[in-house]
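Once you scroll down, you'll see the structures, which are given as structure tokens.
Note that subunit A is present in both complexes that follow, paired respectively with subunit B and with subunit C.
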Partner chain A sequence: MNKLKVGVVYGSRSTEHDISVVTAIASIIKPLELSGKYEVVPIYIDKQGFWYSDPKLKDIALFSSGEIDNWLKHNRPVQLGIGDGLSLIKPGIAKKPLKIDVVFPATHGTHGEDGELMGLLEMANVAYVGCNMPSSALAMDKALAKIVAQESGIASTKYVWFYARDFSDNAAKVLNSLAHLRYPLFVKPVHLGSSIAITRVKSEAELKNAIEVAAHYDNKVIVEEEVQNLIEATVPIMGNDKLMPALVEQPVTHGDDFFDFETKYMAGGKKGKGGKTNGSQGYSRLPADLPKDLMVKAEQTALGVYKALGCSGIARIDLLVDTKANQVYFNEVNPLPGSLYAHNWRAAGKSNVELVDELVKLALDKYAQQQKLSTVFATNYLKQY
Partner chain B sequence: MKLVVDGLLTNYLIRGRGRVVILLHGWGDDGRTFAALITELNKDYQTVVLDLPGFGSSQAPNEVWDLDAYVNFLAHFLTKLNLNTYAIIGHSNGGALAIRGLATGKLKADKLVLLAAAGIRNRHGLKKFGTKVIAKTGKAATFWLPGEYRQKLRKRLYGTIGSDLLVVPHLEETFKKTVRQDVQKDALALKLPTLLIFADRDPAIPLADGELYHALIKTSNLKVLKGNDHFVHHDQPATVINLIKEFL
Partner chain C sequence: MLRQLLSIYSPKFPATIVYMLQSCEYHPGPYFKWLWRTKDFSLVAHRRHLDKTAYAKMLLAGLSLGIAIEILIGLGLVVYGINAAQIWLSFYGGALVVIYPLVWSHLVVVPLELGRLYIVEPRNQRQIDAAKPLFADHPGARIAVAGSYGKTTMKEVLNTVLSQGLGVAATKANLNVLIEHAKFARSLNGQEDALIIEYGEGAPGDIAKFYDLTKPTYAVITGLAPAHLDRYKTMQAAGEDIFSLADLLHHKNVYVNQESQAAIKFIKPSDQTYGIFGAADWKAKNIRISLDGIAFDLVKGKKTINLKSRLLGRHQVGVLSVAAVIGLALGLSEEQIQAGIAHTAPFEHRMQPYNLGGAWIIDDTYNGNIEGIKAGTELLGELKTAKRKIYVTPGLVEQGSETARVHELMGEYIAKSNPDVVVLMNNSTTRYIQKGLTRSGYAKELVLENDPLKFYANLEQFVAKGDLVLMQNDWPDNYA
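Up next, the complex of A and B:
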């Protein structure tokens, strides 16, 4: 019996390109192969946006050694067939297109996690893992995600968003619009993940510099008030209709810095007492050090956000908890958590193999549901012409 | 921490409180080179370390830069952060940068520390001539090779003559322009207390350069360490830190 072909898509034109490669190879391709159920097809998008597929691209050493640049020079990209499902057309004469049964997106950040890839997959009418195009696009826009969550009664800390161009055109006007916010503030590019270009500021002089940094990366900037008595919490959730949260996890910040890119992915954070995990996600406390009522509130808030944004498959909801005011604020959604947050799922009793296997099943379920929707509406509209 | 200076995203770190000490790394290096140094200096000073454009996590300039362009950038960086510099510590090319900046008045400081500072370009006329010849013949002899082989061979040729030319390949032209700038006249113009720390067997910057700087900067003090490592602050961190702390 032919195995289901799962195409794992990773890389792409994103500041999180390298993290995507690690997520794809270590946390998705390996466990999919270990399950023995699937034929795994690596689909790598390079930093220029060209798509490649070759078994060699499953080898992390190709990337970690830097040999990938040389490999790309000697290999040609594939073309995509999107007529009836997704097919990879390899270069060469009379090569038979390779039809992909399920796509497993592993792209972080822009041109992938932000809904663009999902739009292409919707057009191709192929099953795929994770959030659909609208929910991915919402999740990747920190301002829109807060607006949608607020409509469902989910609180966020006070914030203001604006276009980078507004600031370059009239900085004074933008700064004036931020005057009611209470310092310290966080300045963030609206669409980027992994804490890239996020700055904590304590004065207006710092604020201007921080906005310039955020605007260097993104065309939209959000400025938020810091939550007092803060404990950060994050909740990975899986499911389409029936939702299953993993454990409420507490990222552990680093001194007067905060959870920046290097802490998250490179340095591993500052060592502390037991009860913490260390891996590609840095240091965190699992489960979070929260009283029971706040733990429940955090989980309920996360589930509410997941539903409000129409997430499916998997997503991770980040929360900010004011432990004195007993208030849980929604911070942001990560529609493709780095390394799928496999360490949390493992702690919640789900192995990497079970995790990816269930995500593929959820993708097939969602696809089957969508196929039931009618896309035809009979009219005599054209005949009138 | 990040800052946009002259349109370039710049990675930097500020730690500690007190008078401001800025540390400038050398060619092909980045701010992390000073990790041990700043851990100690933080106790008494506010230390500022940055990755210069094109190095570490800072964005590379779009045009070819010379030493003066780096000086201008640095001046803008300090203005943007509203920092009044008490002392500058420069290693290797970072030292040349400090000398040029202070001599032109674009950088200001009360004290200067030069660790195996570069910037004396004419003393090795013969070696530079050799570099130019090998660079040119290297290109001539390798132009017909496929890109990757040509690059490997050029690396070997430049490596043989001890050049930093290909340490940062994307800044090759900037490197050529920067190392053409001799700062001996600039050093002569310096009037501030200066501590020179050089290794007696440094293969990259000879002790003779330290002695020449000592002669040029009348207000300088030369400390010679026994060793053959260009990175004196890595090779003998405790000694270097103590010397700097005493001096500052």
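Up next, the complex of A and C:
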């Protein structure tokens, strides 16, 4: 019996390219293969945006050794066939397309997690894992996500967003619009994940520089107030209609630091301040050290955000908890959590193999539901011409 | 097919042959069985690789030289035949070149057997003869541990308990045959209070030879199960050999595991027994089982000894009880017994628990007999705290004509423990286990895994917090 072909897409033109490679190979391809149920096809998008597919791309050593650059020089990209599903057409004389049954996106950040890839997959009419194009686009725009969540009655901290060009055209006007916000503030690029280019500022003197840093990475910037008596919390959620949260997790920060890229991903953790030596989400408390009522509130808030943004498959909702005011604020959504947050799912009782297997099933369910929708509407409109 | 054929002409083929011999402990029988059933020699060394001991290196060098000579002669004949216009010589030379893997994979055994017959065995016999008085004149108690299974655990438990108050020496690891006993005797200083000698019987008459050398004063028979049936042929023959130890000791100071169903018919009234009930006239009561170990009270009349061990499983109650009883017989105090039992802990790969990312794994991969399977599955059924129970096994080896019956029984034991998932390593025994599972109405998830090594190496990918995984037995390359 032919196994279902699952194409795992990773890399892409994104500041989170490297994280995507690790997510794909360690947390998706490996358990998918171990399940024994799927034929896994690696689909790597290089930093220039060319697509490649080859079994060798399943080997993390190819990337960690830097040999990938040499490999790319000696191999040609694949072409994509879209229409009745997604096909990969390998270069060469015998161009027999390889049809992919399900796509498992593992792309983080721009050109992948932000809805662009999902748009392509929708056009190709192929089943794919995770959030669809609109919810991905919403989730990856921190400003829009807050607006949509607020409309559903979900609290978030005070914020102001603006285009980077507005700031370069008239910095004084933008700074003036931020005057009502109470310091300390967080300045963030609106579309980037993995805490890249986020700065915490304590005074107006630091603010301008922080905005310039964020504007260097993104065309849209958000400035928001810091939550007092803060405990950060994050909740991975899985499901389409019937939602299943994993455990409420507490990223552990030091003093007035925050959970930035270095803390999250680099070996040794935050600037060599000791603690766990493993990178990749090594700094966290699982489950979060929160009173029961706040745990419940955090989980409910996360589920509310997931629904409000129309997420499906999997997403991770980041929250800010004011422990004295007993208030939970929505912070942001990560529609494709790094490494799928598999460590949290394992602690919640779901093995890596079960996790990816269920995500593929959810993708197929979602696809089946979509196929029931009619895309044809008969009219006489053309006859009048 | 072509790859399989070409694998015998691989430059690695000689090393593969030596690896196969080494894995079979240089015994021609199992080596030839393995050789003749192997189709692709490139896949043989899957789990391990050749351990380049001096002996293995010498054998590999000799084998490579022999192959090289045969190829050179063959090629020489081909060339000579062409030059001399004697095609039959060329044909003969070509045939020599082609058949060298076949020739040398068999011929390699000849020097081994000659060496065994004319060098190793006479040398071993001299060492054995020299060791006889060392045992016979030794002033300490000599405890023989025999049986089809559980010997190493029994030996280690005895060693741990008796060491609380006595000077004890025990045979190491699985070094349990005559020549190892002789080496053990040479290592003694003659001042030990007790010697513990594991018997590695594997063929009719072995026990008598072991007895003749070691002259035990105590014996523990751990049980009888299908094992080494390739040489014993029947369970009756195995039982007769193992229980000849009791006869040789005139049934005095002999302790037999009464939990072993197959052993019961060999037990004589004057033998002492042990089991879940306790040992001899000491009764085990108030038994508590958990993943942390077992606790129970050993009671005789008004005396009670509270015992606690980190060993896992109800079946260990008998093992611990008999160790306590022998300890008391050799003069240990009750406090020393308590302390000794408290020091007992799981041994590597024998009901050894460890945590893997929040899941509990019980590593019982050195368990290779049906009684051990029964004990492990009973423990799995008994532990109630797991969210999900997973049972993993490839089945058992060397079950001879009992293979079908034993594996069907194994399926029944597994079904009784009611795991949520059963993972069977796909091999010749799988269908029998499946039959046993089906017969017992097992209806939960069954997974057939084709690559055991991949499964074990990636176990953390299959488990999550709250899981309890019992892994029983593992097959080395020569059985896979």
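One rule holds in what follows: the second predicted complex is superposed on the first by the 370 of 385 C-alpha atoms of A that agree within 3 Å, B and C clash if a C-alpha of one lies under 4 Å from a C-alpha of the other, contacts with A are read in each partner's own complex, and residues count from 1 in each chain.
The definition used in the following text is that contacts are C-beta pairs under 8 Å (C-beta built on N, C-alpha and C of every residue); 3 or more make two chains touch, one makes a residue touch a chain.
Owing to the predicted nature of the structure, the values given are computational and were not obtained by experimental measurement.
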Contacts of A:107 with subunit B and subunit C, given as first, second, both or neither: neither
Which of subunit B and subunit C A:23 touches, first, second, both or neither: neither
Partner chain(s) touched by A:351 [first = subunit B, second = subunit C, both, neither]: second
Partner chain in contact with A:34 - subunit B first, subunit C second, else both or neither: second
Larger contact residue set on subunit A - subunit B or subunit C: C
Contact residues common to both interfaces of subunit A (with subunit B and with subunit C): none
In the complex with subunit C, residue positions of subunit A that touch it: 30-31, 34, 36, 343, 345-354
Touching residues (chain side subunit C, partner subunit A) in the complex: 357-358, 387-388, 449-450, 454-455, 458, 460-467
Subunit A residues within the subunit B interface of the complex: 70, 197, 199, 205, 209, 212-213, 216
Touch list for subunit B against partner subunit A, complex: 1-4, 9, 80-82, 148
